Amino acid sequence: MTSFFKGVYPIMATPFNPDETLDLDGFRKSIAFMVDAGAQGATITGVLGESNRMTDKEREALIRVAVDVAGTCGRPFRVCVGTSHAGISATADLSQMAQDLGADAVMVTPTKELAPTPDDMLVELYARVAKKCPGLPIVLQDHPASTQVHMSVPLLCRIVLEVPTVTCIKLESLPTPAKIAQVRQKWAQVPPKQECTILTGLGALYGGFDLEQGTEGFMTGFAFPEILAAMNHAAQAGDMERAHALYARFLPLMVFEQQPGVAVRKELYRRRGLLKSGHVRAPAPSSVSPVLAKALEKLLVRTFGSGCDLTKPLPAEVFT
Amino acid sequence: MTSFFKGVYPIMATPFNPDETLDLDGFRKSIAFMVDAGAQGATITGVLGESNRMTDKEREALIRVAVDVAGTCGRPFRVCVGTSHAGISATADLSQMAQDLGADAVMVTPTKELAPTPDDMLVELYARVAKKCPGLPIVLQDHPASTQVHMSVPLLCRIVLEVPTVTCIKLESLPTPAKIAQVRQKWAQVPPKQECTILTGLGALYGGFDLEQGTEGFMTGFAFPEILAAMNHAAQAGDMERAHALYARFLPLMVFEQQPGVAVRKELYRRRGLLKSGHVRAPAPSSVSPVLAKALEKLLVRTFGSGCDLTKPLPAEVFT
Amino acid sequence: MTSFFKGVYPIMATPFNPDETLDLDGFRKSIAFMVDAGAQGATITGVLGESNRMTDKEREALIRVAVDVAGTCGRPFRVCVGTSHAGISATADLSQMAQDLGADAVMVTPTKELAPTPDDMLVELYARVAKKCPGLPIVLQDHPASTQVHMSVPLLCRIVLEVPTVTCIKLESLPTPAKIAQVRQKWAQVPPKQECTILTGLGALYGGFDLEQGTEGFMTGFAFPEILAAMNHAAQAGDMERAHALYARFLPLMVFEQQPGVAVRKELYRRRGLLKSGHVRAPAPSSVSPVLAKALEKLLVRTFGSGCDLTKPLPAEVFT
Amino acid sequence: MTSFFKGVYPIMATPFNPDETLDLDGFRKSIAFMVDAGAQGATITGVLGESNRMTDKEREALIRVAVDVAGTCGRPFRVCVGTSHAGISATADLSQMAQDLGADAVMVTPTKELAPTPDDMLVELYARVAKKCPGLPIVLQDHPASTQVHMSVPLLCRIVLEVPTVTCIKLESLPTPAKIAQVRQKWAQVPPKQECTILTGLGALYGGFDLEQGTEGFMTGFAFPEILAAMNHAAQAGDMERAHALYARFLPLMVFEQQPGVAVRKELYRRRGLLKSGHVRAPAPSSVSPVLAKALEKLLVRTFGSGCDLTKPLPAEVFT
């Protein structure tokens, strides 16, 4: 099995109307923006997408929109669907729904539950999703900050080995550079049968260091996929100094954006024209504080100059 | 508004087939058992019901069955539906679904999310459910062990005051006797407009002490609602010594049953004939350990004698 | 190595004056009470002893008093000292201090820290204490409720195998009966070189069920060691029905006492004359609520009658 | 009362020998380095200092060394001592020890404990330290990542108002820029009697944004206090663009260094010649992974060039 998880897969925010209902038109435009920006695909209903605050029907509606945009955009654009759930059978059911609706892949995080042999249970999680969804690529999200599950390197490698449709690890377990290197070292000794890539997450905060250890792109919510694409392009071409220079140049923006709270990110998406409203669902704070909004505005000017139109994908000259 | 939350409302386990699909026939029988055992109603899709491991469709199927049994049993039997969710709008949506399907009430736990003014957000949670479901009684479940939310007594009273359809508190915040007394003291000073009762949970572990402080019944998963009914009957009639004597007599069973893990309880439900299989959904351990199963068997004999048929509601003489 | 951890080792509360300074006279009397009550020893500076709110000098002062009482009481009476600390070297240093001051044993809980190989680190914890304190018996406290560390049965057995001065497990990981049975099963296959006993903790809440699985006594804060001794005596003599009868009879007291908050227990100790003041150190609530104090008073009358002098060890006829 | 908490106060790591004993000579050199680097003082026995893994005697030894270096360095150099402890009386006792030994200030974090009125308990914490240590300046560390205590802006302001020796807030609660602005806004309305500054922590990760909101310096473990001093100097002189330019330039280093694990930081301190060994006390991982060590080496070359001697304070031309 070959992995198509290379390049840039933005994690999508979910646009809500001020009354908290889904803004599906806005979602359609958001996905279309990522197509225009040259992303390889998009991951929906993840943590940033506030999937934990949605009903299953809402998830369904979002999948339909994303699959529709992808199917009519005229080029391969993959829709990856976050289907994590506290129950294994429900994770499998949600994954099957995604597959049935035409999604290209699912992203699954482990859930924290005390099992007598926790590692076996985590293998079972991925195995059961794989069994229920034959042929569907699975992204293993390793993100202890949201899951409280700390997966060892041997466990990660065991899952990839035993579940051949796991073709990507979104590796977000700190410190990421060390863990990426350890996984790749293991794979050098015992290669998995399928191709399995590692993508960088965490808002690209450690992007320069992760690429250095061999990640093959980004799956994260940083609102400038063009910049990530440029970094990744340089890194994959072996020009690590250029990758690092881009990283260093845009790092203040990455640092600012990854501050906790979905609202900060949605504000940036809003400024890029992806969302009409940055409204976040309760019980999270519904919007960014005015202080942060103003600091962000200054930062954008400092980064791109005052005349830059951010509502369109940035032309290459902006970041060369 | 008058509260019907008096007496005994068992928390229902959800029967699964060994392949983890819903056993709806089993669920029908479980509810019917509670009707026969004289319960005032039943609460479904709570923590013990493993609602956190279900899809929304599965919740729907369970509600339909419970409402159907209640509607055809020939006497008032209330169906209360747990609709807690990480998102407030989703909690409201699930509550509306329950109301639309004919449920008599919903049970809602607070969710832990860092809000700038957490108390206001918790009031909003209940207010929004109330607004979406006009006239539907709401049980406020105060159970920090599962929610990590510690609600102060003033906050509890504020919610009851501001949301007049909250007609019951399932008070499970330790030490329960002290908190029950404090809430009732507050109410003595500033009574809510509606009638609001307090019910005992936590497997009745503190049942004797809670009744002493004025709870008006039980909403909990202890598998012998007949015993709880007898305790409650004595307490409400003012015969606290008899309530305590029953409590003391059956306390080893309560202690045994409230050991962590849904599997222990399901095993007891299984022995009572409510479930064909005590299977628990992954990633939780799927069944009780043989050691506990055997210890439970001994305990049942020690408690009821060896000839007692537990698959039928116990006749009153067993516990008088 | 032979284990002397059989019988009853009460966990001692630490008496404080209302200004939060140590009441060493009170502590002396508390230990002396346990000698009179027939306990085999006492465990000081544990969780109930509020050791986490003490300076090292205060620990030292308490050890001196306990060792002095034990040394002059005219019979073997073991002093076990809790020496758990977030750092391994500090745990070893505190253990050495205890040994130097004449303590008979130390009790060590694992600390939660993310190590690349957590099991190895836990073995190292016990090994380093053992190395620093040659010949000093170690009690391994397995109490996830306070440590958040979940030790598997193989890990427990590995520690006992690799660290021969671990001669007791205070097993408080739920459900305890199952875990006790599993450890003993392992030992039946691969016996440790030293004698290692398992003691019951958790306020004796599961005492009847634990004894049934083979614990050899109690190390816990339940304020009636005489009752625990009688239960244990019956169980070790093979009269499990009598052990269970005692357990059932006093279970309401055990349930009441193990409610969270050190204050509940200290109130009971105070009523038994062990403490002048039940004051608990800040930031914990400084005393039991009046509601609980009154409920406790009623419960004591209900349990022992109104004329019973609790300030002396109960004569055997009280519980036969 | 005037606050001297302006400028740069590095958080000191504690040097250990490979056998985990204190390396007091190394500590002396570390402090002396900070004197040479132009810092206004140093904060010892904080989180980075691994104070949670130390005995009280070890704390004492470290305070003595730091106070001695400060007293003989020929210019004002303040020693601030972390004295946080799970118990309030122990926090006060440790603070008194620090004062008695000649420390200039203490740093106190709140501890998480369920009190009926948690805010009152936190005020009491600071009030009791203040009472025990008359005249001793207190730094309030607001760092939920290590304490799990989320202090509201009104609570922070209340503590400063009620405890006049609190003359500094080390504000590390995310998102920091918003919270800094909110505190200052409150103070604009109701100014505290004493001067109280806000310092930036968190490895300076948000340094540029924090300075913009009015922090007056840094109290953090970033290993290049010279750079922080230059940033702060620019900001206090009103040249925010220069502050931001410095921030942006050195941000990859800040990002790298603040990766979790004390070992990363100690490796950088080691490379700067402050520590002979970067050994971290168990149960934490004892050293940085080779992958991270190598990535750090590359990053240092990328940042400072290959010929730069990092073991001496950097000359100003390096960062102008």
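A, B, C and D label the chains in the order they appear, each numbered from 1.
Quick note on the criterion: a residue touches a chain if its C-beta (ideal position, glycine included) is under 8 Å from a C-beta of that chain, and two chains touch if they have at least 3 such contacts.
This one's a predicted model, so the numbers in the text were calculated from it and none came from an experiment.
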Practice task
Going by C-alpha centroids, which chain is farthest from subunit A? Tell me that one.
Solution key: C
Handout entry: Copies subunit A and subunit D - rotation angle from C-alpha fit, nearest 5 degrees
Key = 180
Problem - Rounded Å distance between subunit B and subunit C, as computed from the means of their C-alpha atoms - result: 34
Exercise for the section: Let me have the rounded angstrom distance from the C-alpha centre of subunit C over to the C-alpha centre of subunit D, please. Expected result: 39
Handout entry: Touching two or more other chains - residues of subunit A
Key = 116
Problem - Of all residues in subunit B, those that touch subunit C in their complex - result: 174-175, 177-178, 181-182, 205-206, 208-209, 212-213, 241, 244, 247-249, 251-252, 255-256, 259-261, 264, 289, 291-292, 295, 298-299, 302
Handout entry: Partner subunit D, residues of subunit C touching it in the complex
Key = 20-21, 50, 52-58, 85-90, 93-94, 111, 113, 115-116, 121-122, 124-125, 128, 281-285
